[in-house]
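After this come two complexes, each holding chain A, first together with chain B and then together with chain C.
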Partner chain A sequence: MNAFRTLLHPSRVVTVPLRNAYRWFDERTGITQLVHKGLYEAVPHSGGWAYTLGSATLVLILLQLFSGIFLLLDYVPSVEEAWQSLHFLQAQDAFGNWVRGLHLWGAYTLILVIGLHALRTFLSASYKRPRELNWMSGALLFFLVLGLAITGAMLPWDNAAYWTATVVTNILHYFPLIGDGLRQLWRGGTFVGPITLTRTFALHVWVLPFVLFAFIGAHLYLLRRHGEFGAWVNYNTETDDPDKEIGERIRNAEPPYPTKRIERRYAAPKRTVDFFPDQLFKDTAVSVGLVAIIFIAGLIFGATLDEPADSATLTYVPTPEWFYLPLDQFLVLTPHDPLIAVGIFVIVLAGAAAFFLLPFLDRSRERRPTRRPEVLVPALFMIFAVIFLAVLGVNRLYNL
Partner chain B sequence: MSTSTQIGGNLLTNGLLVAVVALVHIQIAAFLIGASTMAIVSETVSLVRRNRDERHDRLAHGLIKSSIFIFGFGSALAIFFVMFVLTGVWGKFFVSLQQITFWVFFLEGITFLFEIVLIYTLYANWQRLGEHRKARLGMLILLNVVQWWQMFFIDIVASFMVTPNGGDVNILNLILNPTSIVLTAHRTLGNIAWAGAAVALVSGVQYLRVTRRLETVRRTAPATAAAASVGAMAASAAGSEPPEAREARYWDWAGQWGAVFAVGLTLLQPWVGYEYAKEIQLHAYPAWFNMMFGDLSNVFLVQITLLGSIFTLGAAYFWRRMKASGAPHARRQGVVTAMLAFVTLFAALPAWFAPTYADVVTAHLDRPFWQGGLLNPFGNFIPYKVGALFAMVMLALWSLTAYMRANSRDELQAGRVGRRSAVILIGLGATVSVMMMVMGVIREHARQPYLISGELTINNQQILNNQPSAVGGSSGVTDR
Partner chain C sequence: MRDVSRRQFLIRMTGLGAGAIGVMLSIPALGFLLSPLFAQKRIAWLTVGAIDQVPVGTPTVRYVDMPNEQGWPVPSERRVVYIVRKSDGTTRVLSNICSHMQCDVHWEPRLGQFLCPCHGGLYDIDGVNIGGPPPAPLPQWVHRITLDPVTGQHVLEVQNQLDERV
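After this line comes the complex of A and B, so read on.
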């Protein structure tokens, strides 16, 4: 009988064994349940486009991983050959310049998108109980991405990379008491040299990605555990009896709602959509759009490679990457003596600590931004400062 | 390079005329840009809120009306300034400057045309456009954009005069000269802060006027007045309260709204101003030295005192308003106000007890006062004044945040505040106005003896060699 069916439908020759193989695999791994759990989760209805930034960040990190693997096929982490290998990649290898461009523009876009994702999370107060660890793991991811970006900028060992390494490793020296030791540890000596490059390479390729992917796992787990907390409009009540309305919502909530250990009002959004296909469509559209932009930017602009590193140059003017312009400009403004340590460490680290510990600084129950001026006003102040410093940094570099 | 010698003219033509006309013009122009920004905010809030918040609608309309009242005068002043003061009295200099910045002035003129069309259209059709609120908001935004560009173009000229980068007149270098962007940021914020301060000032005056009238009503009609005293206005029934009570609530609300803008935007100014001074230090050192160590150093002390006064007055007003409404944490606001006053006094300490640092050196008394000298190390910019500025900003940020927090928790009630608070608002407005004038005086005098820093002196008023072309090229203006 089965043979007869196979004759009627020749494609069964392929599909039946495949189905059987999948069943075998599923029985042992529970993959179907896992996919269902991943895809058929409720997410808040309003603000779906804003929630795409998280998945876009993940896609961009994966793009960095894959483009980085391709770069590793050619790159040689030694001061003699790093520049040569990249020059070969750009000049001789088919699509080499494009792949470098992908990695560079992917990094730029990633920093921008992860920043916007943090801003969205801040505005919707998604960091409040019980999602404090979501925020903190996300903040660490943000710092790790910045760390990856700056270590990556040191690897080409052209003039830009060499002077970036010199300036960045030198910053540590201003740290009170242990500064000199830290600088020496990173540089592998008093001056920037071969060991600096290998250590930076190890940081960029092994240490930081390892920590990054560990925290991505934790971040995703926490997201699935507590569910997406959307914009505050998802929790507005519409009837004259808000208590009853909220009770209805909680009773009818689909997993992962109602969120546990949260104020009753914010336990479940008033309307939800399935992650698949509604939200996933938006996520995919944004991610594909961003990846397309990166591919085009990589193709058109590629990635620059300065002259090989020359520690004796008198004509090269070092300029920082754009995402470190605010910090660079801040250093220009900081009076060197006796406030340099205050400017570099106290203020910057206090800002970073405030960012990281935000859930514990904002203890109010309010979710609407205008109802949280105690965090919104200082945050706007900081955001303005960062943007202003970046713009003036550009203007300063233009007039050098 | 020639030395500065006495030139023809008198104090009226060479100093006062320019100062008075320019400073008045700047106050008007800055208000116009700030007012349209505030009108956009109010119009947006009014549009977004479900109840169509009438207070914001009224404020936006009021801002546009007041803009129209002063727009004509401000424009006439600008024309007078260009035609009679700059062309008439400082002709040679202005023609040279005009040649260098020809396209900038040309674009400035174009934006002026757009501004006229937009501002009069909005004013004449405000009510009619009320049926198309989004279109009205769109026109307001357009007006603001045009005004911003207008400011940007004139900032290029103003910043070029301080940091001409060796007289480089290439159009892009002209636009992006070292202080152009920072001056634009400084003025963008300053314009909004000034408009907020002006709203606070006018609201303070109106609040005093209305509450005086309300007291008269209470005296003449005791039965009504019982429910309509200043302190009970918020609780009085809408039907039985006199119109003055409603007016008092509105002006109280408008005053605090203006104060929030004035303090909030000024909060960013020390940051921007510091950067501005840094760029001047890097690119026009003599001008910077003049400001910090020379003839203008003590004027700078006035400036930092006025800055601290803005924060102190703002915090004092927030404190009194919170106290009048019985808001929690009002007492902390009082403490912060006192701390701000103390920090301001500390920041205002002179670094030497003489008009200029050169005087100290000439007298051979450049040692601390406790060693019989004229120096006061506690008045040094680094680290004491920097620290004081930082403390000032942090305290004012705390004060503003605490006030807005109370506001967002509905802990404040309009119309309850006392008349003295309105006087504080008037003081706040006046302080911002004076500060703008002092700043103008500093900026214009810092370059002396130059009109274009390092390139063109006052006594020459002309460029003898290397006449610059209107655009392009890098032939510098040279003072020989």
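After this line comes the complex of A and C, so read on.
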């Protein structure tokens, strides 16, 4: 009787078949090994809070994917209906407007966080051998996020979107020789019109996200291949000659890495912890905080919608989104032909190229920011230039 | 030896096959992508109206509903036509599309100039760029002025495209 009861105990009735099903599944997929490989990666022991920005960026990109899918439930990519469909959200559907708020404030937060992530990686010099391609794929992801932000800003087809579309597509026509053709291809005509919106929509919801997720895959693959570098503090020791010691450890951390995990630990930073649960807890805490901010901002502020696009306005003052203010101010500072083309396609693209090619510009073995003045000073100059241009732009457009 | 050449053959044919797929998909896709470059424009003449009563010496706004010249037909877009009649009898038919970034230029009576709100471009009453970043004068609409034999009035008509000659 007792044995019978034990045999039919609810926990046994449920857990035994479940365990058997899991074993069957695991034998065929190797899921356990895969999950363990993902979770028990060694990461640097110190400074874990600084390393949460990458996963926060990923979480925010997934939030954009999620909220973007839901916006497709109502949005119509047509010059006649785009504004109407979003106006319906604003006037009739509080939850729909909340989702749009998530998408807008998520985008703003994403741009800030991906920028901080790049800044952290720059300061810790994590882009050095063998992680050059980690940096370059990350730089491409940064450009793709900016591209998604500007194409997304064109879609509501209110005045803000219409004039953003006008200016952004018009910039292309300053490109030497083929500029007029490029502008015509994006616009689908001489003027901004119906094809401009459908082409921008295709870029925003398929082309750019597709490329984005491909490079996210590459970025994460490379991260796992080389491991989290951390920062120079992770290679610090208490010996009399710390500099030499640090240099030795960093050299040890360079390739070729031993493939076995036990040997890998030896080559890794001085002290490591498992990704799960130590680092993942910190990652989660930061992501929860950021998503909570977006959740509340989306509810309180929602997303703005201007008047419908008016191609004959004489009073509307087109202003760029805040993250394009520095570039917009740059257009003021480079007047007339051919300086306009030089400003956009030489100076701005040279800055972008320097950002992208940073691992090949900074070739020293030094990792501490203060020992790399040859890259730190130009980088600080670029950061201050961007902030200064933004301040000039705010002053010009809002007369503060 | 025979195996190696067979192997080479298979590798080459595989590469050729992949290339063939690429070409077959690229031709229609590229043609579709580039079609706006070769599309027939739908040019229309649109009547602005009689201009004999338009004041001389100050730009006057007229709004014209213009059909889109490329892409499928959508409701006409209102566009601005600035009529500038000069005392010497000439008439300029300016758009309000800035030659810099195509923002919405407007006549600023206090300045006596056209002002672009985007980047501060300035044009004089003839549409000549005199300040700020614009690289060229304010473009004119393609236009013609005809004498209506019935009413004896000068009638302005514009096309839904800009005069590229500047």
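Note that the second predicted complex is superposed on the first by the 359 of 400 C-alpha atoms of A that agree within 3 Å, B and C clash if a C-alpha of one lies under 4 Å from a C-alpha of the other, contacts with A are read in each partner's own complex, and residues count from 1 in each chain.
Here, contacts are C-beta pairs under 8 Å (C-beta built on N, C-alpha and C of every residue); 3 or more make two chains touch, one makes a residue touch a chain.
Computed from a predicted structure; not experimentally measured.
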item	value
Simultaneous placement of chain C and chain B on chain A, clash or fit	fit
Contacts of A:Q92 with chain B and chain C, given as first, second, both or neither	neither
Touching partner for A:E374 - first (chain B), second (chain C), both, neither	first
Touched partner set for A:L185, first chain B, second chain C, both or neither	second
Chain B versus chain C as contact partner of A:S11, first or second or both or neither	neither
Contacts of A:L314 with chain B and chain C, given as first, second, both or neither	second
Chain B versus chain C as contact partner of A:V332, first or second or both or neither	both
Touched chain A residues, chain B compared with chain C	C
Computed vertex angle (chain A) for partners chain B and chain C, CA, steps of 10°	80
Touched partner set for A:Y398, first chain B, second chain C, both or neither	first
Smallest separation in angstrom, by C-alpha atoms, between chain B and chain C in the superposition	7
On chain A, positions contacted by chain B and by chain C	332, 335, 396
Chain B partner contacts - residues on chain A that touch it in the complex	332-333, 335, 338-339, 366, 370-374, 377-378, 381, 384-385, 388, 391-392, 395-396, 398-399
Touching residues on chain C, where the partner in the complex is chain A	33-34, 36-37, 39, 41, 61, 63, 68-72, 74-75, 77-80, 96, 100-104, 106, 117-120, 132-136, 161-162
Chain C partner contacts - residues on chain A that touch it in the complex	79-80, 163, 166-167, 170-171, 181, 184-185, 187-191, 193-195, 310-318, 328, 331-332, 334-337, 340, 396
Chain A-touching residues of chain B, taken from the complex the two chains share	165, 176-178, 180-182, 185, 264, 267-268, 271-272, 274-275, 278-279, 283, 382-383, 386, 397, 400-402, 404-405, 407-409
